[in-house]
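Chain IDs A, B, C, D and E follow the sequence of writing; residue 1 opens each chain.
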Amino acid sequence: MVSPLVFWIVAGITIIAALAVVNLTNLIHSALWLIVAFVGVAITYLILEAEFLAAVQIIVYAGAIAILIVFGVMLTRRGDIRESNLFNNYRLAGGLISLGLMATIVTMVVKTQWAIDVAAVPANSVGLLAQNLLGQFVIPFEIAAMLLLVALVGAIIIAKEVRD
Amino acid sequence: MENLFVNISGALRGWFTGMGLPPMAVEAIMALVFLVAILAFVLLNVVYLVYLERKLSAYMQQRLGPNRVGPRGLFQTLLDVLKLFGKEDIIPNAADRWVFRLAAILVMVPAIMAFAVVPFGQGMIAVDLNIGIFYFVAVSSTATIAFLMAGWGSNNKWALLGGMRTVAQMVSYELPMVLSLLGVVMLAGSLRISDIMAAQKTVWFVVLQPVAFLIYLVASTAELNRQPFDLPEGEQELTAGPFTEYSGMRYALFFLAEYTNMIAVSAIAATLFLGGPQGPWLPSWLWFVIKVYVMIGIYMWFRWTFPRIRMDHLLAFNWKFLVPLSLANVLVTGIGLEIYKWFQTIRW
Amino acid sequence: MSLADDKFLRTEELTLNMGPQHPSTHGVYRAILTLDGEYIKGMENVIGYLHRGMEKLAEARTYPQFIPYPDRLDYAAGMLNELGYVQAVEKLMGIEVPERAEYIRIIMAELQRMASHMVMLGSYALDLGGYTPWMYFFRDREKILDLFEMASGARMTPCYMRIGGVAEDLPPEFLPQLRKFMDSMPASFEEYDNIVTGNEIFIARTKGVGVLPVEKLLSYGVTGPNLRAAGVDYDLRKVAPYGIYDRFEFDVPVYENGDCFDRFVIRIAEMKQSLRILEQAIKDLPEGPIKAKVPRVIKPPKGEVYHQIEGSKGVLGYYVVSDETNKPYRLHIHGPSFINLGALPDMCMDLTLQDVIATIASIDFILGEVDR
Amino acid sequence: MDKHMSLDEVIAGLQAKYPEQLEVVEDSLQPAVRVKSDILLKVMQELKEEYGLDFLADLTAVDLGDEGFRAINHVMSWKPYRMLRVEVDVPKNRPRVPSLTDLWAAANVQEREAFDMFGIIYEGHPKLTRILLSDNFEGYPLRKDFKITSRRK
Amino acid sequence: MVTLNHYLILAAILFCIGFYGAVAKKNAVAVLMGIELMLNSVNINLVAFNRFLNPGEMTGHIFALMVIVVAAAEVAVGLALILNIYRQRLTTDVNDLDWLKW
């Protein structure tokens, strides 16, 4: 078990990064902080002994973030990049709602009694994951694959230049 | 000789434990020791890789190469590094300062991190993760961001174009690279580096997976941004791509990262396809270094032979050729594995 | 604005200043590019950074004093530029050049043509990112420059031609050295083929890139290898032989597509023809004087002449107006690079940024000649 | 019309058509005609389209001192090789010549250069700006009355 | 000692920040970022539940993987939509996307 200190540090960094993502007005900086948040989440997975997921988190989100930045650059070159990520009129309402939501979830979480299982994580967790994915969960797996394919095709069709 | 470094590390560990430190502290110190050892190995190699690159290119181009500083120019790179230290560190006024500064440092992080799973010899892996090779893939995929940060942070159109190209190139070549590694993983039946090494006791995977090896070679050249895939940098087109505005040590860091990445990628190739640190007569770590240098030699040979490919050709080559080929390779490997299993059942 | 009347795609264009300080502009040349992504939607040449007022300078120099100046025009082809100038003056004065001098001029001109082509070929490969071919071409160019040094004392700016002949006779070790160079070339040609023209990436990057229809090329006044690569058989050495070019047997290589690849390989083919001319020139090289009898002070009769020669980059013309003094009244230099560069924006339209680099290098201009 | 006729025939043909505005330059080393600027475009178009002299070899100008400028155009054909000089006298106080850019794209840069050096205005040129000299350069350096200001103080 | 509650609360905080971003931001790309944060917090929940309630099986991990796949698909399509909208309207401001026909 990893020291609790690591968790506190990682959790703190992740939350700060997430706040920065939302509050900064430069889209690129937001995207860069988003990477920090994602890496924080990946380390959280590591603490939870989910190495495979941690690696997936990094590989999927790091690539996606780069693309996000590119989009940010492409789509905001027209104006001032420092003002590219402003708030809309729902800032106050959104803030209040999310605070309320958080309060609700936290109270719910604290009040619930969980049936904690103290067993250790199996050594060959990756192998187990693979067997599960291609055994018991093969249909969701295939559907996910199909979904990705459809999303790929759909994205290409939508983003394709419209010529008349 | 064989266990030289393993013994050193064992002795260190014993020494630290003997000092009465708690096990966790010993682990932390040992991790630090490994890190320092890897850094030392990498930096030393990079300095002489630059020298090797220059000498090799000189021989290919019928020149002499560096031959003034020290015997046969051996100290040329050291002096170059010193010179870069002495240079003014220029940050453009309009640059995004923190992004600009951080990019030069961040570019080194994935390069160094990848070495955590590199087996420098028998029993010489810093961390033998059970997702070993996947860890390498994940870490190296983050390198894109540093390039993009450099390109964007410089506030320079050439740099931005270079950064955009980097994203397009590295994200798309990631795919065939991972898929080519998949063939090896299927044969070994594990992501763990030591398992993959053990699976190559008799036959190297380059024999069983020649197509995967070639795909890996091409895709990793693209990942390294080296000729013929050095479009992000493309001196003749984008002056220096994302590095256009960098100077002094920050520029040197990008260079350092490029060569560090080259060692890492070569090390992974040597591990996955060339049997890793295994071979007769010589100590395992020496074998490993030899194999890594063979791979590095190939990359350098590429660089000094090919002209630069064009952006649209680059992407078309990836999506229309490499990716389908690597998918087919995975398929063929799977079928081959099944046939092999079936043969084994009927033999018994 | 309603959406209905603006249906077509809107994308943003990026204006990019390529140069004056850029690795691929071959000197201080600037192109203002309008990019849509990586595609060129507009291009404008900005030149003049190297302007030295050579035509004005000529009006303050005597005729022989001007001979070193053409060297600095197209500094990759000094001999050819001088040849054009001295022949123009000779034409104006009606001077007959001795046989031996004519042959030496041919030798120098063809060597210079090869050297100039090697610069282009080498830097072209370099501009496409191939470092090694560049060294191969420059290795061979070095041998030519050594020959020039032997004959004239200088490598790039020889100042070797004189009105009425050449400055010095060939030194005795010149011809054996030239022989050696010529014997070494066939192997070099094979190497060029192996490392550049046979390379898949090179072919993919140059085939079909930077093409202009022939009519447009002619309208732009493009000459030299760039025009011949597009299938037009115009070579002044054949069409209107100057000097003694009518005595030599050689072919004019003509290609069909006029793309960057053809512009590249046609120069290699021309080098082979230059070798043929050299071969014959060495064989027939007569003994005799190397300089005609010219008056001590050169004062051409009143008149004007426009003289053209086939330079390495196209037709190089000198328009000389004399007012019977010892200085030209007006000297106009028609540099092929200047004219060829005019066609560049049209060639680059709708190509990618990388193709622009390839096209710029393929039309082979030297800024010294563009700006004068 | 025969596009390969000899230069003498070309000149004769032109002279017959424009007896007033065109004269043949005597005692010239190379064949040359001098035309008035109002028929320049027509003559050039005929040379290009009817007589086959369809390649603009060179375009420049000469300062004749007090008499004004002379715009010099060389047109040529390659096969057979013929070259004809077409001169236009331009008055000093009103240096205007019709532009040849519609006939030959090659005229574009060369006319800009002549404008840059002599200040001759080519009417109908799409973008007649300085090309070699900097935009804020004063004067036209190839004019004979141009004084070079000393750089040393 | 770090318990399940810690992870759940961390996830809750991340989720609310993401929600705030998704609701209160002008730029469509930023809205996507907020949604990504929310999806990530859900994944933390899934993995934490898996680790603390049923470490012997990988169900939570598999759910998390599915979420990542869906998130990837969503980002791809979302970005394509944003790109296309930008081409039509030259804006990525969600407030401006109030027209009902293309």
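To be clear about the criterion, contacts are C-beta pairs under 8 Å (C-beta built on N, C-alpha and C of every residue); 3 or more make two chains touch, one makes a residue touch a chain.
It should be emphasised that the depicted structure is a prediction, and the values quoted were computed from it without experimental measurement.
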(request) Count the C-beta pairs in contact for A-E and for A-B, then report the pair with the higher count. (result) A-E
(message) Comparing chain centres built from Cα atoms against the global Cα centre, which chain wins on proximity?
(response) B
(request) Averaging each chain's C-alpha atoms to get its centre, pick out the one most distant from subunit E. (result) D
(request) Report, in whole Å, the distance between the mean C-alpha point of subunit A and the mean C-alpha point of subunit B. (result) 27
(message) Centroid of subunit C to centroid of subunit D, CA atoms only: how many Å?
(response) 25
(request) Compute the distance, rounded to whole Å, between the mean C-alpha positions of subunit D and subunit E. (result) 71
(request) Report, in whole Å, the distance between the mean C-alpha point of subunit B and the mean C-alpha point of subunit D. (result) 64
(message) Among all residues of subunit A, which ones touch two or more of the remaining chains?
(response) 52, 56, 67, 74, 78, 125, 161-162
(request) Mind pulling the residue numbers of subunit E that touch at least two other chains? (result) 87, 90
(message) Taking the touch rule as given, give the residues of subunit E at its contact with subunit A in the complex, in rising order.
(response) 1-10, 12-21, 23-27, 29-30, 32-34, 36-37, 40, 43-44, 47-48, 50-59, 61-62, 64-66, 68-77, 79-84, 86-87, 90, 92-95
(message) For a test of understanding, state which residues of subunit C touch subunit B in their complex under the given definition.
(response) 14, 16, 22-24, 38, 125-133, 135-136, 139, 195-196, 199, 201-202, 204-205, 352-355, 357
(request) Please name which positions on subunit B make contact with subunit C in the complex. (result) 57, 60-63, 157-158, 161, 227-228, 230-231, 234-237, 239, 304-313
(request) Under the touch definition given earlier, write down the residues of subunit D that touch subunit C in their complex. (result) 27-30, 54-58, 60, 62-63, 72, 74, 78-79, 81, 83, 85, 104-106, 108-110, 113, 117, 130-134, 141-142, 146
(message) Please output the residues of subunit C touching subunit D within their complex, sorted ascending.
(response) 47-48, 51, 53, 55-56, 91-92, 216, 218-221, 234, 239-240, 303-306, 308, 315, 317, 319, 321, 329-330, 332, 334, 338-339, 341-343, 346, 371-372
